[in-house]
Every structure is written in C-alpha cells, then in structure tokens.
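Next up: some structures, all given as structure tokens.
Two complexes, one shared chain (chain A), two partners (chain B, chain C).
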Partner chain A sequence: MAGTFVGRPQEGVLMVETQASGASSSSPLNEKAALAVRGLTISIPTARGPLHLVEKLDFSIAPGKTLCIVGESGSGKSITALALMRLLHNALDITAGTVDLNGTELLGLSNKEMRKVRGAGMSMIFQEPMTSLNPAYTVGNQIVEAITTHRSLSAEAARTEAVRLLREVNIPAPEQRLDAYPHQLSGGMRQRVMIALALANNPSVLIADEPTTALDVTVQAQILELMRNLRSRYGASVIFITHDLGVVREIADDVLVLYAGRVMEYARAQDIFENPQHPYTLGLFAALPNGRSREPLTVIPGLVPMVGQFPKGCRFSTRCALATEKCRMEQPLLEDFGKGHRVACWYAPIESTRP
Partner chain B sequence: MSDMLFMNVHDLVKHFKVANSSDVVHAVDGVSFSIYRNETLAVVGESGSGKTTLGRLLIRLVEPTSGAIELDGQDISNLSDARMKPLRRRIQMIFQDPYSSLDPRMSVEQTLGEALAIHGLAKHSRKERIAELLTLVGLDPSLAGRFPHQFSGGQRQRIGIARALSVEPEMIVGDEPVSALDVSVRAQVLNLLSDIRARLGLTFVMITHDLGVVRHSADRIIVLYLGKIVEIGAADDVFTQPRHPYTRALIKATPDPFRLRREATEILGGEVPSPIAPPSGCRFHTRCPMARDICSKEEPALETRKPRHLSACHFAHEVVPPISQEPPPRLYQQRLDIIRAAYAGKDT
Partner chain C sequence: MVQFILRRIAIAIPTLLIISFLIFLLQVMLPGDPALALAGEDPSPQAIAAIREKFQLDQPIPMRYLTWVANVLQGDFGMSIRTGLPVRDMLIQRLPVTFQLALMAMILAVLIAIPGGIIAALRPNSPLDYTVSSFTLAGVSVPNFFLGIMLILLFSVTLGWLPSGGYVPFASDPLGSIRSLIMPSIVLAFATSAVLMSHTRSAMLGTLNQDYIRTARAKGVSEPLIVIKHALRNALIPIITLGTIQFGELLGGAVLTEQVFGIPGFGKMLVDGVFSRDYSIVQAVVLVQAIIFLIVTVTADILYAVANPKLRHQ
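== the complex of A and B ==
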C-alpha cells in the first residue's frame, strides 16, 4: 500500500474499527508505548442521555516521542489532555476507554493513587504560565513543593535539586531566581519554570497544552528547542497540543488531527506534511497564509459544530466541500492506509473518485 | 500600491512615566516613516517593541511625547479634541480581541449606530447604512438586533470591522486583528480585509507579530525593536534579503510548515530587554549574533540599502539571506489544489 494512494480503497485494505484495534497497530510507529489510550470517550450527561465531546479516541506514544494533537477550538484537544490527567470538570465524565501509562490503567485508580501519578508519572504544562503558577509563592517554594510531594528529600537537598532544574531549563542565575515571584519573571521565563516543575519528578509523559502560543516568536523558538533537548535527555514522551502547523513541523514525531471530538487523521509527522489525505487536514493547510501567493486563502466555511449538534455521519461532513450523501449518513472508520497512516474518510485519499 | 503620501511620521517619541518612580518606558523612541495611500503597511515586532503604542499614536489614542504626525501635510500631533474629531472619521482602528472591544450591553445596531451618530449621519438613514455595513462584512443584516455574546469570535471581529468602516475612513489601523482567531476563521477575516481594502481603496496599517500573515498581506514592512525602526522596506525585499540581523532572526524563528527544522545555533538567545533601560548603542546588540565593539557604543543610523529599503545596522551588508521555503511536496501540492478548487467560491 505504501506510496501509491490513487483510486478508491480497494478490497483487502485493512479496515479497523478504532475501538477494536489491537495494541500493536495503534501507534503509527508500532513501538512499545509509554502511554496507550484506547476508545477514550468523554461525555456530558444530559436529560436525553450523554453527549460525547470526544469519542473513541485511540492513540499511543512511544518513549521519547512527541505526539502533536492538532485541531481548532472545540475539537476536544484540551479536554482530552485534562481527561488523561483525570482533571476533567465535574460535569464531564469519561464514559468509555482505557488510559494505560506504562502498564498502569489510570482510569481505575483511586483519587489518592492518581495524585501520585500526577507530577511523577505524567505532568502537564499550560498555555498561560501566569495562571498556573501560584502568585503568592516564590518559584523556589513551588518547585521544592513539587519535589517533596513525590520524593523524601531534605529541604536543603530539595532546594539544590530545584536549582538544578532551573539550570536544566536554561534560566540564568538560577540560585537567585529561586526567590523570585512569578510576576517578576517574563512570560518566557515563567514557561521555563513551568517546564522545570513538570520535569521535577522525571515523568514518563509530559502533556503540553499550547505551551508557546502566548510567547513571542523568538522565545517560542527557544522553548521548542528546550523541549526537544529535554525530551531526548529525559526520555519523556510528550503530548503537544497546538493549532499551529508550523509548530507541529518543528516538534512532532506523530500527528493526530482532531475534529469535533473525532480523529480525522493520525500519522507520522512526515506523512501529514508530505501525504496529507483528509479534507479537513488539507483544509487547515489551505487556510494558512504561506507567503507564496497573495491569492485569497481557502476558507472552510462555518464553525466546528457544538456538541449535541454533531452530524449523523462524518463529523466534518457539514463543512466538507467534497462530502457526499454517504458522508452525511454514515460515520467513516479510521482506516489504515499503510505504515500506520490512518484516515477517517470514505474517499481518502482525496483524489479518489466520488460517485 | 500608489505613491501618494497619506501620512508622514517624523521623529515620533512616546515615553511613559512609571508610577512612583523616576523611570521612563521608552515605548516609541524616535521613529520616522511614511504611509502611502492604498498600501498595506505591516508593523512587526515582539512584546516591548512599541508596535501597539505606535498604532495608538497614529490614531491619537495616546498623545505623543514629541515628534510630528502629518496627515495630508497637516501636523495632527497637537490638535485639540475638537479639531481632531473630523479627522478621526478618516482613521479608524480594529482591535485584537473581539470579546473586549465590543460593549456587551449594546446590540450590533446600537454599536454601529453610535459611530454613525457621533459622526453626524441622520437617524433615518442609519438603519439602511447598518444593513449595508453588515452585508459588506459578510454578516446577515437580520442579526443587527443581537448582542456580542450571541456571535462567534470571527463574527465579532467582523462587527469590529463594520464599526471601523461605518464612518467611511481612509485608513484603518488593525492591532493584531486576526491573532485571537482559529486558523480557518483567521483565513475568512484575512480574505475579508483584503477584499474590503481593494473595494474601498483603503490604506491599511497592520500591527502584528505573525510573519505568515504579513507575508500574505503586506506591501511594505516596518520592523520595530525596543521602540526603534530597525528595518523598513517592500515586503518581498525584507523577506528575501533582510538587512538587519533582528529581521532575519524573526523570519528564522517563525515556525513554517514547509521548512526543514532550523539549526539550534540559529535560534536567537535572550529576550527583549526592558524598554525602561534600553541597551546603549544598537539596542539589539545584547542579542545580536553579529555584534561587535562598535555596536554597543554607536547607534547605527537608519540608512538606505537599496531604493526604499532601509535598515539600522553597522554591518547590514553582512546579513546572510535566510533560506527560503522549500518547494512543497508534490503529492501535498496536488491535493491542496483539489481542496482549493473544491472550496473555491464557498467563502463565508
């Protein structure tokens, strides 16, 4: 299959229902996973039954690799991250699926057990570090607290460790910075502190939700470089949530394109950039100002539908310029087109003929 | 782009005093440039560059500390509010955040009607004009009675654009007008802006940090660093052959889906220094990979490198052009053409 994608999917193409897929076929890289998510469904209960914000989400990440989750507002990327950390708002439930972190099923853990996982097994950084850091405590206090929560170190040893962490994230004069309050640091420095906090207990998975979106481009470049370095040094897997395909190009090993809570395309980064197949993925590319032409940009009309207003068939069918009756009526399966490149479209690749 | 001068900015300075201190923020520190009729001029820079203050100075939302802003040859930098009012009609602004720049208690009709009333449009013709404006920005006129919270972010930005257009301005200053929007909505608003600009013959000053947007829209570019212009020129010249190491670094730092990963050595270190105590000499020397002794001592003048392309660097001729984008992969390009064709004409 690899290489040629002309014509309709033929008989014999591997058809995999997402939820039923085997462990080995879920990562495009087919490697041993640090984190494996199967059939994750996040719902909001209503009088008429649960509405699914994210449905049958399947992915896995090998140790030391970075998975970028891409999508617009309302795609479900941030609540997926919160669900993995079991930090979802009370109104939302995980109604199906499993989240396997190095062999431990997280969804079955008690709250107390889960607290041990957060920070040590899996940690998270957010878009706006100012709202995630406590303004009333010094940076040093917060890092020391993170360390001593999971490890029994003396105050002095924890402080030494905090200095080491600040040095790891390239904060100049780390000894002095320990006594700084968050508001005394620039946005870039605060995000470095957040990364130091997240790495404090050597987690195997780091979730980063738009960590560079609020930063200046030159600082963003520094933070992306830092994350690349730390990933190789610490061997942590990274889930990197972003809406910026340029950032994806910089940092991703694998890419998952999410739309209205469903996976549209899931592949190695190289395949997403060289061999994108789903009309939504292509629509995102076509909407980017690329500097090559002054032609009007391609616009995907409308907005991501609200939960409860998802169409019956393919979630993207209401905005897809190529949608057929079949697309509107039946939800396509996430199909493997070879090398683990998965696409949920009845007519992938896009040049295949439609009835 | 025409050569007719619209605005001339001469040695414009804006310093802000820091409360309870003798410190002064050098937000804009002596910038001179011209704005021509019908052009799109992008002002780019990072936080602390002074780009937002510069935009506000142009429409006199803040008073300059010194310097002149000439509109059709008249210095408007010291005009009283009363004398400024008729001129405000000629220059309007669009803001970054469509959530906070509209009054949540006013319906669209009231918001647009207020602008029309202030600038003296008779009441009976307002309704018609409001419908016309909403149609112009791609909104259904029947939504005029709705309030801002009933619209999406993209629609709200359209309302902001309609409000700016309501008084038939000649120039619009947009401060990060698309930065808060999702990719596909951003494309809609960018298309709308370029369409309106062409149709109404507007002059457009776009303040942004997003070089992708600049490359798509701008005729000319001003690059600001710590309140100073480091480079100014035609967009193509600035992108293909920047004459200032900061411009080059900005281009290199912008993530581009179609460029190989940059080398770590090319990443600019440090952050923008405080505009309270800007560095001596060239303000960029503390981060500049090319800096030498002279750079910390002598401030470089903004000099012409080729016609209409100026930069302020002692070693401008040594700036290596950034590698341009790679050609897109063949399969990608084929499919992109299919999707473009499929969506053509389905705008808004």
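== the complex of A and C ==
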C-alpha cells in the first residue's frame, strides 16, 4: 500500500502556502493533498476584539500519510482538530482560513452539507473512550447509525457491515459484542469501537485526538498497531494529535509542532527527529525520558501562556533560553530551510543534530 | 431484571407494615373521643359503651390493629362513623375521580414540561430560556387555590366556557367529564410541569454537553436526532423517576384543588373525614395513599432500571 506513493516528491506532502514563503496556491502539487489547511485562525470574541487561539495555521496531508500534531496542553491541538470537523464550541469562531478536503472547501459548506462530510469524508476519534459512546444504546446501534447516516443499507446489511467493522478492529466475538452496551466494554475495547465508527464510511481523512492517552500502556501499543494496520488497509490520511514523541516516532510521516496556537516547526518526521531546529522542539526532545539515567527529567521551564497574554514577538520567547530582545518584539515567520523543513525562529537554521 | 423487580417489591412489604402501624397509632393518639362525638347530647354511659363496643373502641390497641389489618386485607375498611356506610364503597367511588384528574394533569404537565425544558436547554440564556424560567418560578410559587379561583373567574364567571366546579362521571359522559376536569388539571399541571420542566432543562443541558453528543455530531447525525435520540434519551432517565413520583403525589389527591372545584375526589374525602373526625375514613384514605405511593415508588425504580442499561444488566 505504501508503495503507491513511492516516487511522489516528499515536498508534495509539505506543500503549503505559508506567510513566509508566500508560495502561490496554484502549485500543482496541492491537488494531491487529501486535506489542505491554509491560514486557519480560530478566535474567541471578546469585548476588546477577537483573541486568536490558533493563528495562520497551514498544513496539508497527502493521501495515506500520517501527520502528527504535537505540542503541550493548551497549544491548540484539539481545537484545531475540532475546527477541521467544524465541531468547535459555539463560543469559538473560525475567523480566517480555508480547509480543503479533496477539493471541497469545508468552511463554505452549509451545516447540512457539512453533516454529509462528517463521518464520511472525514471522521474523528476522541481522547476519552470511556465517555465517547452513548451509554443508552448498544454498540451495534451506534455503529449501524454511523453507517446508515451516510449510506442507504437495509437493517440487515448494515448489521453485517457493523460486524465486519468490529472484526476489522480486532474485537473478539463481534456478533455478540454488537448487543453489548458501552459500559460492558473496557476502555481499550471502547476505543476500538470508536475506531470502527470512524472507519464505517471509509473516510479519506481520519483525525485521532490523543486516542491512546487515556489508555494503559499495553492497550496503547495495541491501538497504535491497529491504527497503523488500518491506515495502510484503508488508505486514509491520518491526523494524529499527541504529546507523546514516542508515538510520533512510530507513526508519523510529517510532524507539525504547535505552540500557543502558532506553528513552531513543520517537517518530515525524519527531519524533525534528526535535525530539530526550533528551541521548543529541542526542548520537547530533551524532556523525553531516556530510560537509562536516573537523573530527574529535563523540563521546559514555565507554562504555555494564557490566551490574551501571548508575547508580542515569538510566542515561545517567554520560556526560550535563547530569546533575545528581537525574539520578544518581533514574531519570526515560518520559513522553509530546504526540503520543506519549515521553522519559525530567528535562530534557524541552527547547527544541527540532536542534543 | 425479574429478580430486581421481585426484590424491590419484597423491600416494599415491611415498609407497608410499618406505615400501616404508624397510621393506626396516629389515629389512636388523636385527641377527642369519637364515641362521645357520636353519642350526641347528654349521652348515657350505656349508650357510650354501646357505641364503643360497636366500633370495637373498647378493645386493647394491638388487638384493634390486628383486627383492622385483617379486615383491610379482605377489602373491608370498616364503616364510616358518621354515615354508617362502608368506607370501601366511598373509596371505590372517589378513587376513579382522582385517578382521572391525576392522569389528565400529568399528561398536560408532560406535554408542557418536556418540550419546554428541551427548548430552554437548546438555547440557554436566550429570551426563550428566561420565559421558561419565569414559568417555572410562577409554577412553584403561585398557590393552587389562587390559580383555581382566577381560572374560575375567567373561564366560568366571565367567559362562561367551562363549569365552575363539580364532576361528571366519565362513564356517563366522557366529554363532559373531561370538560369538568379541565380547569383543575390545568391548576395541578401548572405546578407539576414547572418542577418537571426545570429538571428537564438541567438534565438536557447536562447530556447535551456529553462527549457522546460530540461523537454523534462527528458521525454526521442530524441535529433533531442528536437532541431526541442521543440527548433526550439519556436525560429522561432521571426525569422518568421524577415524573412517576409526581404522578404518585397527584394520585394521593389534591386537597386544595378538589376543594376549590368541589370535586368529589380522594383529597376531598380526606378533608371531610378529618373535619367530621371520621376515623375510619381518615385511616382508609391515608392508608390507600401510602399504598399508592409505595406502588409508585417501586414503579419508578423499575422504570429507572428499564431506562438505564447500566442497571438493567446488573
């Protein structure tokens, strides 16, 4: 399956219009992206004007590829995911940008048209498997609903399809599980059901918002393995939101590092791991436990600033060891330093290699 | 499930015994001697004794309790001390009236409360929501008798659309019977729906914020289905319990409302019984009320389990 994409220039995956490069959107490579997001800005209206939670976000994903969005809590990962599905809380608005799914501009769709996209063209798996299924209905009922919302199948055919989906996500005795209620299943099983729901209509993009965070480690590994298998079998592009760099290393084709609603670094996974450029990315790597030493974990001092308290310049400047007056006053633009490796830092490109 | 129901009923039986004993005791402890009250002016000691013997007031208390329970179990609630008629016949006459009134009020209350609560929850803090809140506040604060009198003034006295009181039996004239109970059911439904509506609103607000609602939206499910199938279905679990208990309260008889509209129901029977110190009537009414309430509570528990899959499978 992966072979299908051999020969495609990797840059295609990263072909984005950034403010820095000012690249025109007419690039021929854009058409190959399953999902292309440009200038996405998510805001919360206040009396003193809108506050931007996520600003000028650009990325795209080629069919069958996996993009990992990483960053600390509060960096805007989850609201980005919800914004793509247009499931943001009422209080939040998408104030700028475009979301292009296989050539359809999602932000311009009516609510009714958008409903046809959700669960069919693009679907989503959530962080909380324990509460994401409706306790009042059986698993079968909820999978069948996902199927029949988008396809006209007879009740019997939909049920057969539901059994097939449960088998796909490796749930034992799927026929019996159809009649189980969510509370009768473990967290891992429920997340498998959520994956089955998301795959029900063979979406071209699957958004997974920290799907393994709430699960214990052995189950995490199983779910990751399952997602990897399904991605290659279904050929869906995956947006995988996580703060676990170990997970990123296992599944990512591309990595987008988000901090306080801004892209800090965006590159192929290999480039990020071998040649991280942004001090924030370096900080994230440094904070990884190495499994050998008994030294305390390295941490990035401080917290992600609150919305409305973002610094004037680089968002990371309040916590960055390298920050200068320029960093604090002027926002660095996301610039391409070759092979589509984009970094928003006045210091880039820095001398490479991991610390 | 069957086991759950049987267990729930088994728990209700000792409760019922305790209640029956308390009702009996309360009766004994009331001030005033019914024999004296019955005997008329200047009674001779023989006449009083005769009355005591006739109504078994001369027996020791435990004996009187056992006799009473044995009789009740056979459907014999004794004779009215005032009229000398069997209390059972009065119960049979009055219960259907109150049942019809309670049913009409409950249907009305549900029809107002559920849609009202849903609408308020869908648009929290909107003018519509505030309207619903005002209705709720009015519903719990306006006294029944006041609302009843106002309705009579408007619909009977001024407009002349509805009878101001009385009751037409359902069997003889169904439409007239419903007409005769419209105003009292509105009065009862007003307070009942107010409580039910505010609970529906908060339960819906709770379920609409659940993760599974987001999942349903992410599946592409339409908004009406999300509200009814996903949110309301879960919100109804506590609402069913509340509604059932409210129905039980209505079945217990609406003392003031029945009084205002002159309805020969259960509540009025109790009031009349108390005023005339007719012990057997008061005893019977309170006991039947307790039984009804027990049945309703057990029903509420069973319905709760039926509506909630988590309980059903335990």
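As a working rule, the second predicted complex is superposed on the first by the 315 of 355 C-alpha atoms of A that agree within 3 Å, B and C clash if a C-alpha of one lies under 4 Å from a C-alpha of the other, contacts with A are read in each partner's own complex, and residues count from 1 in each chain.
Definition applied: a contact is a pair of C-beta atoms (placed from the backbone, for glycine too) under 8 Å apart; a residue touches a chain by one contact, two chains touch by 3 or more.
This one's a predicted model, so the numbers in the text were calculated from it and none came from an experiment.
A.B. asks: Touching A:288, do we find chain B (first), chain C (second), both, or neither?
C.D. replies: It touches chain B, and chain C stays clear.
A.B. asks: Classify the contacts of A:250 with the two partner chains as first (chain B alone), second (chain C alone), both, or neither.
C.D. replies: In the superposition, A:250 contacts chain B only.
A.B. asks: Looking at A:113 after the superposition, I want to know if it touches chain B, chain C, both of them or none. Which is it: first, second, both, neither?
C.D. replies: neither
A.B. asks: After the superposition on A, what does A:279 contact: first (chain B), second (chain C), both or neither?
C.D. replies: The first partner, chain B, only.
A.B. asks: Which partner chains sit in contact with A:325 here, chain B, chain C, both or neither? Use first/second/both/neither.
C.D. replies: neither
A.B. asks: More residues of chain A in touch with chain C or with chain B?
C.D. replies: Ranking chain B and chain C by residues of chain A touched puts B first.
A.B. asks: Taking the complex as given, what residues does chain B use to touch chain A?
C.D. replies: Residues 46-47, 152, 154, 182-188, 190-191, 194-195, 209, 211-213, 215-217, 239, 249-250, 252-259, 261-262, 264, 267-269, 271-272, 325, 329, 331-332, 334-336, 338-340, 342-344, 346-348.
A.B. asks: Write out the stretch or stretches of chain C touching chain A in their complex.
C.D. replies: The touching residues are 210-212, 214-222, 230, 233-234, 237, 307-310, 313.
A.B. asks: Residue numbers of chain A touching chain C in their complex, please.
C.D. replies: Touch list, chain A to chain C: 85, 87, 115-120, 123-124, 126, 128, 131-137, 145-146, 149-150, 181, 183-184, 194, 197-198, 200.
A.B. asks: Would you tell me which residues of chain A are touching chain B in their complex?
C.D. replies: Touch list, chain A to chain B: 5, 72-73, 186-189, 216-222, 224-225, 243-250, 273-277, 279, 282-292, 294, 296-301, 303, 321-322, 349-351.
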